[in-house]
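Each structure below appears as structure tokens.
Next come two complexes built around subunit A: one with subunit B, the other with subunit C.
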Partner chain A sequence: MADIQAPAPGTFYHRPSPEEDPFKAKGDTVAEGDVIGLVEVMKTFVEVKAETAGTFGGYVADNESAVKAGAVLATVES
Partner chain B sequence: MPIERLFIANRGEIAVRIVRAAKSLGIHTIQAHSEADADMLAVRLADEGVEIGPPPAKKSYLDIDALVAAAKSVGADAVHPGYGFLSESAAFAKAVDDAGLIFVGPASGTIERMGDKVAARQAAETAGVPVVPGSDGRVDGVDAAVAVAAEVGYPVMLKAAAGGGGKGIRIAEDEAELRKLAPQAKQEAEAAFGDGGLYVERAVMNPRHVEVQIMGDGTDAVHFFERECSLQRRRQKVWEEAPAMCLTDETRAKLCQSAADLARSVGYRGAGTVEYLFEESTGAFFFIEMNTRIQVEHPVTEMITGFDLVQEMIRVAGGAALSLTQADITMSGHAIEVRLNAENPELDFLPMPGEIAALDLPETDGVRFDHFLYEGYEIPPFYDSLLGKLIVHAPDRDAAIDKMASALKTLTIEGVPTTAALHMALAADPDVRKGAFHTRWLEPWLADGGLKSQQTGG
Partner chain C sequence: MTLEIIKPGISTTIQDLGRPGYFHLGIPEGGAMDRLALRSANLLVGNPEDAACLEAVFMGPEIKFGADGVVAVTGAEMPMTLDGEPREAWTSFEVKAGQTLKFGFLTTGARLYIAISGGIDTPADLGSRSTYPIGALGGIEGRAVQEGDSLPVGSASGAAAGRSIPEELRRHPSDPEELRVLPGLYWDRLTDAAKASFFEDEWMVASEADRMGYRFKGGRALDFVEREAPFGAGADPSNIVDGCYSYGSIQVPGGTEPIVLHRDAVSGGGYFTLGAIISADMDLIGQLQPNTTVRFKRVDMDEALAARKEQSAVLEKIRSHLG
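Moving on to the complex of A and B:
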């Protein structure tokens, strides 16, 4: 199992926009480089990408929660 | 009535700037802050601080009710909105006014009028300010487009009437090209917006961004000459100068006069900026919009004219007439400002908040650093990444660029990334030295490795 960590501190979003579905759901196939969420830092949205392929294990950090750089946001099972 | 108790509804470096200006006028300062900003420099410098809400801006610095309630609760008689946030919100200006306080800026009606693209363009035309010539509304069919183009002159730009975001925009150099491109543009607009309506206007090639600082007291208005802000990344200005080296004295006189005329014709009160596109190949300039606030880059104007614009806007808000006439305002030398952001230029300008571990500022004549930092200060992640603005003033532009390069070398900010490397590379670039740039110069330069070539080339 691999952790996906926050690339920057800020606010973590599961969805591309409030009206849309989360980027991933538990059990989804994940390819390397897939976007699984966004971190808003200083008015900039940074894409959070999976670094390994596998199956999405779910979000660890809540939607719209404040996260620190390096915090575990989600997991991928290989 | 002169202002006695000023409430500052903003944060960061501009809040510090406003607190200092107000204090030097003998005004009691009350700094608004979110829960995340209790430690910021402006709170420490102000006479009082008052918390207005949670960290997200929409619950604090953008919350009109919370701000007005806080301003009233501390007995403020005036509100300074700074730039960004609610500075150009007619609703905020009106709410402040309705609460019986002074809004440090133009009347809410003026903000509303100048904030509306069509109304602002009409106000400019009425005051005799050139606007980009084009079709009066949408054109129907290719022949109508050709007729407009013949009137405004080639090249022309075709724009989707329903548009935005660059969709459906085409540039035609002559009639044959226009006849070929108009149907394509119409089709693309139809596909993108469900509306194939087109505007035709004269295309401004390689435009430079030139803007005029104005100040009004509701009756009279003066200008403080112009600034050039053509070096932009993602429509954000990164490097600003005064005066604009691309203008002849004759064009400068006309341009600045037109801005003062516009301000006077709308009964403008406070500090404002009239923005233009300048086309170097023809010497033509065209009104884009008016910003009804103090701007980030106002210090370059202060450096070349010697006036304190923030003090003056506070005085006129308090009901005073302008303290100067146009004849009092002269310019000398050349000033440059660069914006230092907490961003890593090597990582596509990824912003990164953090704690200021060390801070060492250049202290030389003609160097100014407007900022909100101190050692140990933890920059919150909730707001924009501007750390401060480094401003230099020298007898001429070459000397100003040299001074900027040396000030950037002296400046130390540790604990967060900064965009200093970008500015050092710009200061060393031959095109920047020659002033050979326009609003679409910086992004291709970055894409071509502008940062790296300067680093390896020394």
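Moving on to the complex of A and C:
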């Protein structure tokens, strides 16, 4: 199992916009480089990308929660 | 000699000590958010203190060196590797042509300063290489660095690698942090209750925290003394007839969320400013991450000047240590 970590401190979002579904649901296939969430900081949205392929294990950090750089946001099972 | 940007991070800009002298025309001084960290990085690699460096916020860039040189990284704490080998911050180290510098996750602080012997040698605008994106001045065509940019580097002085700044002279932010405030021109717009609550409450750095200003949330809203709005001022009690802003001045639009103006700030506008962060604490703001707890502490002019002296003494110690 691999952790996906926050690239920067800020607010973590599961969804591309409030009206849309989360980027991934538990059990979804994940390819390397897939976007699984966004971290907002300084009016900028930084894409959070999976660094390994596998199956999405779920979000660890809550939607709209404050996260520090390096915090575990989600997991990928290989 | 060149530096190649493999990955730019979130916002990595070329900064020096800025372009003073144009604020009355609306062009901010700009320059490093943490000036002491930039000066330190330059001194470590034998550059003039005002040479241009890379300022990276929250995420480090990935850089490939085009020739041999000496590099130093100061400011925020972020682990780094040169071709996979760990390197120490606040310490100069050698780089060889073709080597790549990479960073891990930010631990404390917010902004990294990466100095290279010779300094970044992009063209200066109004006497400075500092990037001011809104005015398209300095940097690379007035913008932050991007993937694939190749940055020119000047000639090095030949300073040695392995020089280090002692731990006690490195400034690290803590959480909670304290910022000292000198009340200003419009302080009397606030009620006595608001004057007290501003200093009593805990505030948190909001995610809207950038080179133009730092926003704070979480304290009680501030109430204003009743008045008849002067001609030219808006109806909101936080409005004034347009006035000048200073670096570090604290405006509170609508009385809710204080904003501290920083290096790339606007020079004037129609919000009252309750006072200013003292100059000695401005570098520290540049190292605050979102969600850091902050308390504002009231000081008078004597205390502000004493704090400035203390800051200058730290710089003197760094100079003499590396001299």
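Note that the second predicted complex is superposed on the first by the 78 of 78 C-alpha atoms of A that agree within 3 Å, B and C clash if a C-alpha of one lies under 4 Å from a C-alpha of the other, contacts with A are read in each partner's own complex, and residues count from 1 in each chain.
We take it that contacts are C-beta pairs under 8 Å (C-beta built on N, C-alpha and C of every residue); 3 or more make two chains touch, one makes a residue touch a chain.
Please read all numbers here as calculations on a predicted model, not as lab measurements.
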Following the overlay on subunit A, give me a clash-or-fit verdict for subunit B and subunit C.
clash
Looking at A:29 after the superposition, I want to know if it touches subunit B, subunit C, both of them or none. Which is it: first, second, both, neither?
neither
Under the stated touch criterion, which partner chain does A:63 make contact with: subunit B (first), subunit C (second), both, or neither?
neither
In the overlay, answer first, second, both or neither for which of subunit B and subunit C A:42 touches.
both
Of subunit B and subunit C, which one touches more of subunit A's residues?
C
Thinking of the overlay built on chain A, is A:5 touched by subunit B (first), by subunit C (second), by both, or by neither?
second
State the stretch of subunit C that overlaps subunit B in the combined model; pick it from 5-13, 77-85, 95-103 or 311-319.
5-13
Once the complexes are superposed, what residues of subunit A are shared between the subunit B interface and the subunit C interface?
7-11, 41-44, 46, 66, 69
Inside the complex, what are the residues of subunit C that reach subunit A?
10-11, 57-59, 104-107, 207-210, 289-291
Subunit A contacts subunit C in the complex at 5-11, 40-44, 46, 66, 68-70
Within their complex, state which residues of subunit A touch subunit B.
7-11, 41-44, 46, 66, 69
Listed in rising order, the residues of subunit B that touch subunit A in the complex are 342-343, 350-353, 381-385
